[in-house]
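Heads up, there are several structures right after this.
Next, two complexes with subunit A in common: one pairs it with subunit B, the other with subunit C.
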Partner chain A sequence: MDKIIIDGMSFTLPLFIMAIGGICCERSGITNLAVEGLSGMGAFAGALAAYIAVKQLGLGYAQAHVAALLFSMVGGMLLAMVHALMCIRFKANQVVSGVVINLLSQALTIFLVKTINSTVFGRPSDQIDLEVSTRFTVPGISSIPVIGAFFRNVYPFEVFIILVSVVVWYLLYRTGFGLHLRASGDNPHALDAAGVNVSVVRFKACVLSGALCGIGGICFAYSISAQFSSDYYVGYGYLAIAALIFGNWNFMPTLAACLIFGFSRSLGYQAVQWAQLPSAWSDLIMILPYAMTLLLLVFFSKTNHAPRALGVIYDKSER
Partner chain B sequence: MKTIKKLLSNDAVFVAIVSSVLSLLVGAVIILLLGKNPLTAYVNLLQGSGLLPKGKYGGGQSMLTDFVSFVDAWTPMIFAALSFAVAMKAGLFNIGISGQMLAAGFISTVFIGYSGLNAFAAKPLVILTGIVVGALAGSVIGWLKYRFNINEVVSSIMINYIFVFVVSFFINTRYLDHVSRRSREVSAASRLTLHQFEIGGYRYDIPLGFGLALLAAVAVGFLFNRTVLGYEIKAVGLNRVSAEYSGINSKRTIFVAMALSGALAGLSGVTYYLGRYASIGPRVLPQTGFNSIAVSILGNNAPFGILFSSFFIEIIGKGSAYMSSRSGLDTEIASIITALILLSSACSAYYLSLRESFRSRRKADG
Partner chain C sequence: MMNDMTGEEIIVEMRGITKKFPGIVANDDVSISIKKGEIFAILGENGAGKSTLMSILYGMYEPDSGEIFIRGKKETISSPNYASSLNIGMVHQHFMLVSDYTIAENIILGTEPGAKALGFIPFVDMKRAEREVKELSEEYGLSVDPGMIISEAPVSVRQRVEILKMLYRKAEILIFDEPTAVLTPQEIESLLNIIKNLRDGGKTVILITHKLDEIKKVADRCAILQRGRLMGVLDVPSTDTSTMVKLMVGREMDLAVEKGPFTPGKEVLKVEDLTVKNSDGVTLVNDVSFTVHSGEIFAIAGVSGNGQTEIADAVAGLLKASSGRITLNGVDITGSSIRKRVETGLSYVPEDRHNVGMILDLELRDALIIRKYYLPPFQNNGILNRAEAETYADRLIEDYDIRCSRGGETVTRSMSGGNQQKAIIAREIDMDRELAVFVQPTRGLDVGAINHIHRQIVRERDRGKAILLISLELDEVMALADTIGVIYSGRMEKIAGADKLSPHDVGEYMMGVGKK
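Showing the complex of A and B:
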């Protein structure tokens, strides 16, 4: 039981932060199918930073963690800038740009991992190993039955994700910038008439989205495999998109969707262990989050309201 | 010269050429930065695809055998890109081609590839199964779209993963070849590629599906230019509301378009898994399904354009192995160049507006 909660949360939260990244971008009116690619780039940059910090600079694990998180944001932001440029400056089809960014990110990161490993570190390998992340347990509360499991064996990044998501929520709903961002996704012409530059708002939103996806990426790299390689790309970015569509582009319902994914997955894995089934059965368990998404979408898609200007290239002359 | 000028004035051709040239230039810069000669790398790509002679050949191999293998790899790509184009005309973004390929390939493998039927029964059955399974897998997405308003991008991605894991489960529990870690090979009788077929001392991989792929391209062209259904699909794709207003049943059209798209993806799947290859790797989606999106967009979603763009992209894909063995560049370089081509072909609106402003400036000058 405890294991279900612990594993469930360590899957839910990275997924959630990626979904928030998607929300930021899409609420500003730019379709973001690039979540997978952005998070992959973040995972790569973060893993590289952590590897250098530990192996080359001899820093401690705490510093390595901070470096990994920082650089994962930088990596995600850089690639997000490409997406933003494509969608805003070059007026590209946003769906195509997103899909291609995913292809590009996958090819580019694997290529960089191989090249950097063989030329800089002098060891031919197609992955970057990470130290296994230390976990902590909150004394006191963690001894409460059932609920206590939420405070046991927690990854440090889980706390970070919660903090960041609160900050982003505040930014989006309680500040002027957040108002501009949401307006540019619903009625960019009105925003423009109010004297705000729509392109700039969208660019910022897109870059912010990259940073958040990057955080999600490095957290997945830490929690699932403790390495970065081509195995990273298993489609959790798309799962995050499904979560935010299911969540109607709002924070709390999206979190609910992520919780469902996370817990159905960890529950499934536990069930395989309890029933002592052969490991091939874990393939069937892996279906759970995706099947759940489809099922939920069947029930909730009718009432969905996407941001009104989502996917529409902003054209001043149409005002 | 005049025909070239006329061809260039065609928007689609202009965009395709500009984006290809730009990306090849960027690719050349990357290769230069890695300290390799981009020209040799590009020549290697052509050599690997049998379009230029290699320095030396092994026994039973020649430039022609290389080219035939290239066509073998090209065939599934044509089907896949056509599949994407058909859905795109209806305004649907079918990113589930990979999954539909896998489903069609897997079902055909299990029921016909392992059945021991003779070649005359097995080969048509493989093609038929591919079409049927692909169409079913595709129409599910269409159904979810019009019945439940589920975004086709999300549903097809979810279905992709469901297929991957289901297929992987069955391969790992029932059909695993313990040496190759893939599914057991299908019977030679059921394969759509005559594997290592000997003619005059050379061994060819002859793709029987290639003729069908050309036929499919012609059929898709005919569908969109000469039939009511094609017209309706295009109308729904351009504006679903106005199509509905003019009396077109948009739900039915979406369903049919996705079924057609799925059927083409299924054909791609059988020419891939029971043609170019003879087995299925667990937990992997065919990259062809994703690259086909770019191929189709580069070819302006038109059958004739797709034949050219798939030829071009497949050179990079097929030639990359030879390039990597000759010049020591990673095969990922080829994927990066492909991605760059796709990325820049997405900027079509920008190129066209640039050309427009260039023209009007020239007019203003005199």
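Showing the complex of A and C:
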């Protein structure tokens, strides 16, 4: 039972922060199918930073973690700027731009991993190894039955994700920038008429999205495989997009969708172990979140209501 | 700057404004000066250059030549933002509102009152915003609820929000672009009062319109544009309407329509106990019965939203009848498909010409055959015959005076609203069906186009067609109808011959206070 909760949360939260990244971008009116690619770039940049911090600079794990998180954001932001540039400056098709960024990110990061490993670190390898992240247990609360498991063996990044998501929620719903961002996804003409530069708002939203996806990426890299390689790209970015759509582009329902995905996955793994099924079955379990996606699609599609200007290229002259 | 003649302050002066678009001169050397604290109307037909002129003043277009002086100072107004800083505000024809936001959020958007939580975390002070919006709305008699979500607000409230947006930005010069086009008669009355309040509060109001009666009611002076040229600036109280019409359209206009005698023939449309409910189960049309005969214009009068559009949609097959029977030419069409109804004898000019009436991205020749593209000669063995469509389009363009820059190849989106409507009416009338349903056929059109369409409708009636006309304009109903049905709250309150009802009677039934 504990294992289900602990594993469930360590899958749910990175997925959630990526979904928030998607929300930030899409609520501004720009379709973001690039979540997978942005998170991959974040994972790559973060993993590289952590590796350099530990292996080359001899820093401690805590510093390595901080470096990993910071650089994952930078990596995600840089790639997100490409998406923003394509969608805003060049008015490109947002779906195509997103998909191409996913392909680009995958090819580029794998190439860079191999090249940097062999030329800089002098060890031919197609992955960047990460130290296994330390975990901590909150004294006191963690001994409560069942609920206590939420406070046991917690990855530090889980706390970071919760803090960041609160800050982003505040930014979106309580500040002027958030008001502009959401207006830009509903009726950019109204925002423009109010004297706010729609392109600038969307650009910022896109870059913010990249940073959040990057955080999600490095957290996955730490929690799932403790390394970064081509194995990273299994489609969690798309799962995050599904979660935010089920969540109707709102925070709490999206969190609920992420929890369903996270827990169905950890529950499935445990079920395989309890039933002592052959290991091939755990591969089958990998598809559980995706199967859940299809199932949820049946129920949530009717009540869905996307930002009105989502995916519409903003053109001042068009009425 | 003081005007020597009158001693009144000139707040806006536009000198020699010329603006050309590809293929058209929208403004040709137009000069106007507007006094502080007056209601200045700009009158002209659709396409006369009124909106262009005001868009230049509001910084949306740059003039090719000419100068603008605001409060006597020469200004280059390069953006709406800059216009706003000169205290110029504009209510556009298409409202620019965020539908998910509350009224207060929409009003403060872009100029949010900020505050700092704990002294350093910035946030938008919504409490203060709502209070300010409330105070402002009370000051000018624009009652709105600041917490209401825009998507739930009726059109008239959305318009008030647009006005409040300008006032919140301290606008002194208020431009209204065709503000009454979207309103019901009652709402128009209340808007005109608001406009007067604004003037009495010291604001300068510029009113773009093609409705003479509104100008007569509120405006102090009016400039008349025709095909981009300024025809004159008139003092409204001392000028009669026919002079204005003459300057506006360049010819004398007969506003009344000539009709032949009323000789009803056989029953064409029979609606019995029709009830229509929406998806939430709310009854929109409640047990309505009427018949329309050939050679008769049956007009349904009523205030917007009382179920009249739903009757038309149920007859045309766009909405399903919950109960009741609809018979067309003796055939029960209650459950028929739209195509079956059309083939039985229906043509339909819907209210929403952009979403239901036509496909705006089609070229005109395709838009005109959309009802019969599947029939010979337009199609043979599944292949469209382009040449036939081309010839057909040329004939309709000629017969119905549809003005389009590139003939059958004109993309309908690029045509003016009046000509789009003429195209729809041409398409429907030319199908030569026994019943023609017209919903708000002249909504938002100028005098010339309205007159043209009215003559078409009467000609069809005189040719023995049955006409079901649904209109929110009482004048239109009174001018055209042989028989009037008045709808209120989904019920048919009264059906009587047009000669037996005065506009006053109809108005009472429309408000639900008529004698039974």
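In the analysis below, the second predicted complex is superposed on the first by the 318 of 319 C-alpha atoms of A that agree within 3 Å, B and C clash if a C-alpha of one lies under 4 Å from a C-alpha of the other, contacts with A are read in each partner's own complex, and residues count from 1 in each chain.
Convention: contacts are C-beta pairs under 8 Å (C-beta built on N, C-alpha and C of every residue); 3 or more make two chains touch, one makes a residue touch a chain.
Source: prediction; values computed, not measured.
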Combined model on subunit A: subunit C and subunit B, fit or clash: fit
Contacts of A:182 with subunit B and subunit C, given as first, second, both or neither: second
Touched partner set for A:32, first subunit B, second subunit C, both or neither: neither
Superposition-derived comparison: subunit B or subunit C, residues of subunit A touched: B
Which of subunit B and subunit C A:92 touches, first, second, both or neither: first
Partner chain in contact with A:290 - subunit B first, subunit C second, else both or neither: first
First (subunit B), second (subunit C), both or neither touched by A:174: second
First (subunit B), second (subunit C), both or neither touched by A:117: neither
Touching partner for A:229 - first (subunit B), second (subunit C), both, neither: neither
Subunit C, subunit A and subunit B - angle at the middle CA centre, rounded to the nearest 10 degrees: 80
Shortest CA-CA distance between subunit B and subunit C [superposed frame, angstrom]: 5
Footprint overlap on subunit A, comparing subunit B with subunit C: none
Complex contacts: residues of subunit C adjacent to subunit A: 80-81, 84, 92, 94, 96-101, 105-106, 109-112, 114, 121-124, 165
Touch list for subunit A against partner subunit C, complex: 170, 174-176, 179-180, 182-183, 186-187, 189-196, 308, 319
Sites on subunit A touched by subunit B in the complex: 33, 82, 86, 89-93, 95-97, 99-101, 103-104, 106-108, 110-111, 114-115, 235, 238, 241-242, 245, 278, 280-281, 283-284, 286-287, 290-291, 293-294, 297-298, 301-302, 304, 313
Sites on subunit B touched by subunit A in the complex: 34, 93, 95, 144, 148-151, 153-155, 157-162, 165-166, 168-169, 172-173, 282-283, 290-291, 293-294, 297, 330, 332-333, 335-336, 338-340, 342-343, 346-350, 353
